[in-house]
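Note that the chains are named A, B, C and D in the order they appear, and that numbering of residues resets to 1 at the start of each chain.
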Amino acid sequence: MNQKRKIAVVVTARPSYSRVKTVLSAIQQHPDLDLQLVVAASALLDRYGSAINYIEKDGFAIAAKVFNVLEGENLTAAAKTTGIGILELSTVFDNLKPDIVVTVADRFETMATAIAASYMNIPLAHIQGGEVTGNIDEKVRHAITKLADYHFVASENAKERVIKLGEEPNVVFNTGCPSIDLATTVLQSTSLPFDPYEKYGGVGAKPDLSEGYLVVMQHPVTTEYQDSRKHIEATLEAIHSLKKPTLWFWPNVDAGADGTSTGIRAFREQHQLPNVHFFKNMEGKDFLQLLQHSSCLIGNSSVGIRECAFLGIPVVNIGSRQNRRDRGGNSIDVDYSQEKIEAAILFAITKGKSLSSPIYGNGNAGVYIADLLLQLPLQFHKTITY
Amino acid sequence: MNQKRKIAVVVTARPSYSRVKTVLSAIQQHPDLDLQLVVAASALLDRYGSAINYIEKDGFAIAAKVFNVLEGENLTAAAKTTGIGILELSTVFDNLKPDIVVTVADRFETMATAIAASYMNIPLAHIQGGEVTGNIDEKVRHAITKLADYHFVASENAKERVIKLGEEPNVVFNTGCPSIDLATTVLQSTSLPFDPYEKYGGVGAKPDLSEGYLVVMQHPVTTEYQDSRKHIEATLEAIHSLKKPTLWFWPNVDAGADGTSTGIRAFREQHQLPNVHFFKNMEGKDFLQLLQHSSCLIGNSSVGIRECAFLGIPVVNIGSRQNRRDRGGNSIDVDYSQEKIEAAILFAITKGKSLSSPIYGNGNAGVYIADLLLQLPLQFHKTITY
Amino acid sequence: MNQKRKIAVVVTARPSYSRVKTVLSAIQQHPDLDLQLVVAASALLDRYGSAINYIEKDGFAIAAKVFNVLEGENLTAAAKTTGIGILELSTVFDNLKPDIVVTVADRFETMATAIAASYMNIPLAHIQGGEVTGNIDEKVRHAITKLADYHFVASENAKERVIKLGEEPNVVFNTGCPSIDLATTVLQSTSLPFDPYEKYGGVGAKPDLSEGYLVVMQHPVTTEYQDSRKHIEATLEAIHSLKKPTLWFWPNVDAGADGTSTGIRAFREQHQLPNVHFFKNMEGKDFLQLLQHSSCLIGNSSVGIRECAFLGIPVVNIGSRQNRRDRGGNSIDVDYSQEKIEAAILFAITKGKSLSSPIYGNGNAGVYIADLLLQLPLQFHKTITY
Amino acid sequence: MNQKRKIAVVVTARPSYSRVKTVLSAIQQHPDLDLQLVVAASALLDRYGSAINYIEKDGFAIAAKVFNVLEGENLTAAAKTTGIGILELSTVFDNLKPDIVVTVADRFETMATAIAASYMNIPLAHIQGGEVTGNIDEKVRHAITKLADYHFVASENAKERVIKLGEEPNVVFNTGCPSIDLATTVLQSTSLPFDPYEKYGGVGAKPDLSEGYLVVMQHPVTTEYQDSRKHIEATLEAIHSLKKPTLWFWPNVDAGADGTSTGIRAFREQHQLPNVHFFKNMEGKDFLQLLQHSSCLIGNSSVGIRECAFLGIPVVNIGSRQNRRDRGGNSIDVDYSQEKIEAAILFAITKGKSLSSPIYGNGNAGVYIADLLLQLPLQFHKTITY
């Protein structure tokens, strides 16, 4: 009798879930694969958008939950969160006995998945290695590459870089980014198919969206921890000054998250912000619909670099968070400066949509990855190629 | 007023302590550096030779002790030990506030030092990156390279490899291996200056050493966890059959440590081993003296590859643990086979000493590294070079 | 030469700090005691009022900080926070080597202090054992009594109860509650000596306080975790309906803290609350001044039972949190019911101040406890008395 | 449809498993109960007799394994082991969602079970509370009583004591000790039904057992940590001097375990001990057979106090470990003195078997406890009775 391969995927944050949702579906639907979905860290917490609720609503069975986010206003908490993650995930893997563990991207706590799996001699697949950004994420990302046995990267540049890092070319695959899979579904959409205020609540004004609107999503940048409040204020001032209908998303958890959140909260107390509505989060597909019909995305989310490149949505990319990531033609980079942010938004609106760029994939990453997870030989022993 | 740079060095095992002892001395003696020595993991435990006792005897002040070895007969315990290490070391660094953290080599738990420091934006120096061995140590070693900001490597090949891994050449230094510093002190020794039985106790027979003797040091190999008992038995059979005076050192803690230890214990119960004496451990310098006057070192210790290359001592290197590490002319590689081990030992004795090889340094690594720790600009922000 | 006794006090929350501040001062000022102040858990976090800032401002040197609050919306996080606390505090005690460890009251995470100290054979003193409340705090409180070697209780009833629990009478002392020490300083105050809006910021309306005002402080009740939002809404509705000037304090961290906080936030978004100002926290002494000049304290804080009994301030005590704690004549108990809360507040205002009750001490607890910490024989070996 | 009650039992050591084996069987066989067996701590480790192997052999399904023993030669490790246990067990309970958690006796790490369950509002049953011994175990035991909701005690004295501790009489049951259940099966045995050397291996001499033999089982005493080596040497000298056939069992893990083990190992290296055979452990029932046919049990095991009272076997009980536990007429107490131990052994042999004492139960504890676990109302909210 042929046993199914057990694939444990560890999801630790709302954006990671959105990113790999089509991979999870493809594994779940595959007759020869058995999905073991582990939900951990901020993906379980209300403050960070409760990815768990969407996961359950989307019908994925959850094999284990791991609460490991340590509270704190400093980087120490990020380290500790990772330590607790290793402690707990090693027990989880010990009980689930997966054939392959999959870790996603480069958030600090994904290192816990990588260490637990690799130390336990479980073959480790890494989605989205090989990219370049220049902050702590980059240390984490490349370190995970050195722990991983299979690499499912999102662009040709990334593939080349992973191979240069000494990985065997035959375990490095440019699958495209699975987030693009989801974006294909809204490419033809001609109007926003839901009322975001009604469907997602949130707080603040409810500006009229019929004449176009801005979307803001700006996360703290870990290495600039002390500055996160100042950074968010530049964006807040710019949006406040432009007075355009704006939908704003709260940031992820990170060492500086409270700086960013506090900045937003304080600004709201002092100003009316009559054109801004705040959301905690949104289902991936609805968020893509929202972007598809927006005038411009502002902030430093990787969605601007990836999905928006595919969709051709104008993006004002602020600060260093996406530094050196491959860009499509849709993106304008600016500093943390109110004036520059305002000017860039106005220009982006004028410029309008770009052509779709295939730079991060063509929409079949989920199925491709599931197929590789079945076909690849199980191995955890590797050596550098040079 | 000029403040001293605070250098936290984390020592997690007896052999690591021996390796970096001259670095610790050089930091301690440097007028502009302040040594913060953290002793953790098996370095604190009797079962693994209590490095802590030697550290204290050598006069180093200990800034913090961290007990983090989780017991267990499987790889899960190695992962958990690392997780606990991160939890604890982040508190230690938070209190000590070092300017630079130094991590040594590639044992699994050294990852805890690397993650705690890099996540907390403390510049991280790595001693002995860039080497190639082909087991889990290699994943750990290269991952730490990707987290580290400065690289103090032990050979030209290692330097080249770290640079290929995408590190800026101006932060990669071939300092030589500090273990060689110590070896310089015994190079001219003409006879064993102490009685090992008297000075170090130990158990078993007390063979006469005046006509030459063998030294055995064989550690379990993590990726071959299940086989560690079988592996040690091949060596035990060979030594038992040769009937030569032999001094045997117990292995380090590792996922398979108990397999190896159990194998030795069981063999001792069944056989007389009238020519073998067992030691738990020995001060680094005394151990080098012992090697200097031995006929041959047998096992898989990196001492055979490094110090013995410098000293020209014949080495029978068993199995995969030192795979692909640079070799001097003193070393013979064999499989886990009683026959091959016996033949190699006999040949090695006949062949005798080799010329000293400078492949792992020329004896000034400690001073060189201390100097770099003072001169290097403090930085923790890096990006891959390609 | 006579060495000072080292007394480690672990403070894990803002209210605990307020409670034992005079003990800390008395230890610090004692020529034969050496204070080792450990600040941990929510006492370090902005969300819970950053006790650490007050501690530093009050001039206490901090021997160690321990971040151990695990985020989560369920009781699992409380258990995990305690587990991490043990891990970390045992390292802290191992390094500080205190002669006595002092733990305060009965918050869930204080169990970590009690276990680390008692397991390490360090004599453990417990402040405020022997009280009765009927929730999870009570399990914790009495369990800590069984781990502790000295008991500094706050009332005669508590003393009797600790002795009934099988403790030797000669290690049980009714020192009074140290929080009363602080209250003595405001007993004669005739007007509020500072402007709370100016000194403490906060958010919301700024009602005129000159004609009297209400103070609200209501924490979630752990065993009624699911209901914490409903509970807080009853109070919010009552305050909203009464339209009196009100100063409201955010709750502590607890398993249900987010339910309470979320309830308050949601209510603020829906209603104007034109008579309510919200504070995160306040220095202990200023808070007592605020109570001294208030019409009534509403909620379930132990301040209503203790300090307000001493000061004679009317208190509307809601729900089960203070169940079975000894009461002075100043307190009215009500259910979680808008109507009952409103009626009780109106009655309390009419009734006005009560006579001062000595039930929780007479103001010299800090000095008394410091003296005991010096005089008591060091011991950690005990047996039940029956 | 009626759902089965889920009963999680956490077993953390070999002797605990032996003690509650009949409880596990009774739960497993009960049509309305669902056994969730969690195996943790030293019960998983070879060094401490691998209870896990017996558990699996006995056919119990294991719901989760938790590795949480931290290595170390000091009491800090005991505290940390408990902290890690809480971290892990809370995740386990979160996933298993038991209706009741059962914790056994008073080993330090059982506190982890008690805290995780009680903090998570899961009703907690405690087997074997209310006893008195006078060491750290006693602090742990009574603290667990204050966290537990149901108490299944082993004697009338214990029942009375738990009620005095403020527990409601209607949740305190004298079920007898389940270890006695097992002892009933050997009561009629007339000769040893297996060859212990053949069945259990072990090391050392193989004395002839046909003319009677001694059994030794001596554990380190936590509060006398420093002295454990000296203590074991007194017993070793006595046994060495008596030269009677002796079967010796290695001690449990505890803070001082290594002192005891080291003492035994060192003694064996120095002396022949031609009449002593050493076992790591033995199945519970076989161990009882061994006792049933022995001349005398020597050491400080609670087996001497309980099972041997029921079986009437003479016991020489050494030191303080069983202080104040109820005794049958079979037991003689002595100090850690070679002379006294020798004399007591000689006297015990002469005296021979006592009458069976029902002091710790009459052999139906397992079934009684299983029945209570089904019938008791689920509750986790309690308050002290006075």
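Note that in this section a contact is a pair of C-beta atoms (placed from the backbone, for glycine too) under 8 Å apart; a residue touches a chain by one contact, two chains touch by 3 or more.
The UniProt protein names, listed by chain, are A, B, C, D = UDP-N-acetylglucosamine 2-epimerase.
None of these values were measured; they are calculated from a predicted model.
Peer 1: So which one's got more C-beta contacts, C-D or A-D?
Peer 2: Of the two interfaces, C-D and A-D, more C-beta pairs touch across C-D.
Peer 1: Please flag the chain sitting at the greatest distance from subunit C, going by CA centroids.
Peer 2: Farthest by centroid: B.
Peer 1: As a quick test, compute the distance in whole Å between the mean CA positions of subunit A and subunit D.
Peer 2: Inter-chain centre distance comes to 51 Å.
Peer 1: Just how far, in Å, is the C-alpha centre of subunit D from the one of subunit C?
Peer 2: Using C-alpha averages as centres, the distance is 40 Å.
Peer 1: Using the touch definition from the top, which residues of subunit A touch two or more other chains?
Peer 2: Correct list: 67, 74, 76, 80, 84, 87, 91, 94.
Peer 1: For subunit C, which residues count as touching subunit B in their complex?
Peer 2: For subunit C paired with subunit B, touching residues are 64-67, 84, 87-88, 91-92, 94-95.
Peer 1: Mind listing the subunit A positions that touch subunit C in their complex?
Peer 2: Listed in rising order, the residues of subunit A that touch subunit C are 44-47, 67-74, 76-77, 80, 84, 203, 258, 262, 269.
Peer 1: Would you tell me which residues of subunit C are touching subunit D in their complex?
Peer 2: Residues 74-76, 78-80, 82-87, 89-91, 93-94, 108, 111-112, 115-116, 118-121, 132-136, 138-140, 142-147, 161, 164-166, 223, 225, 323-324, 380-384, 386.
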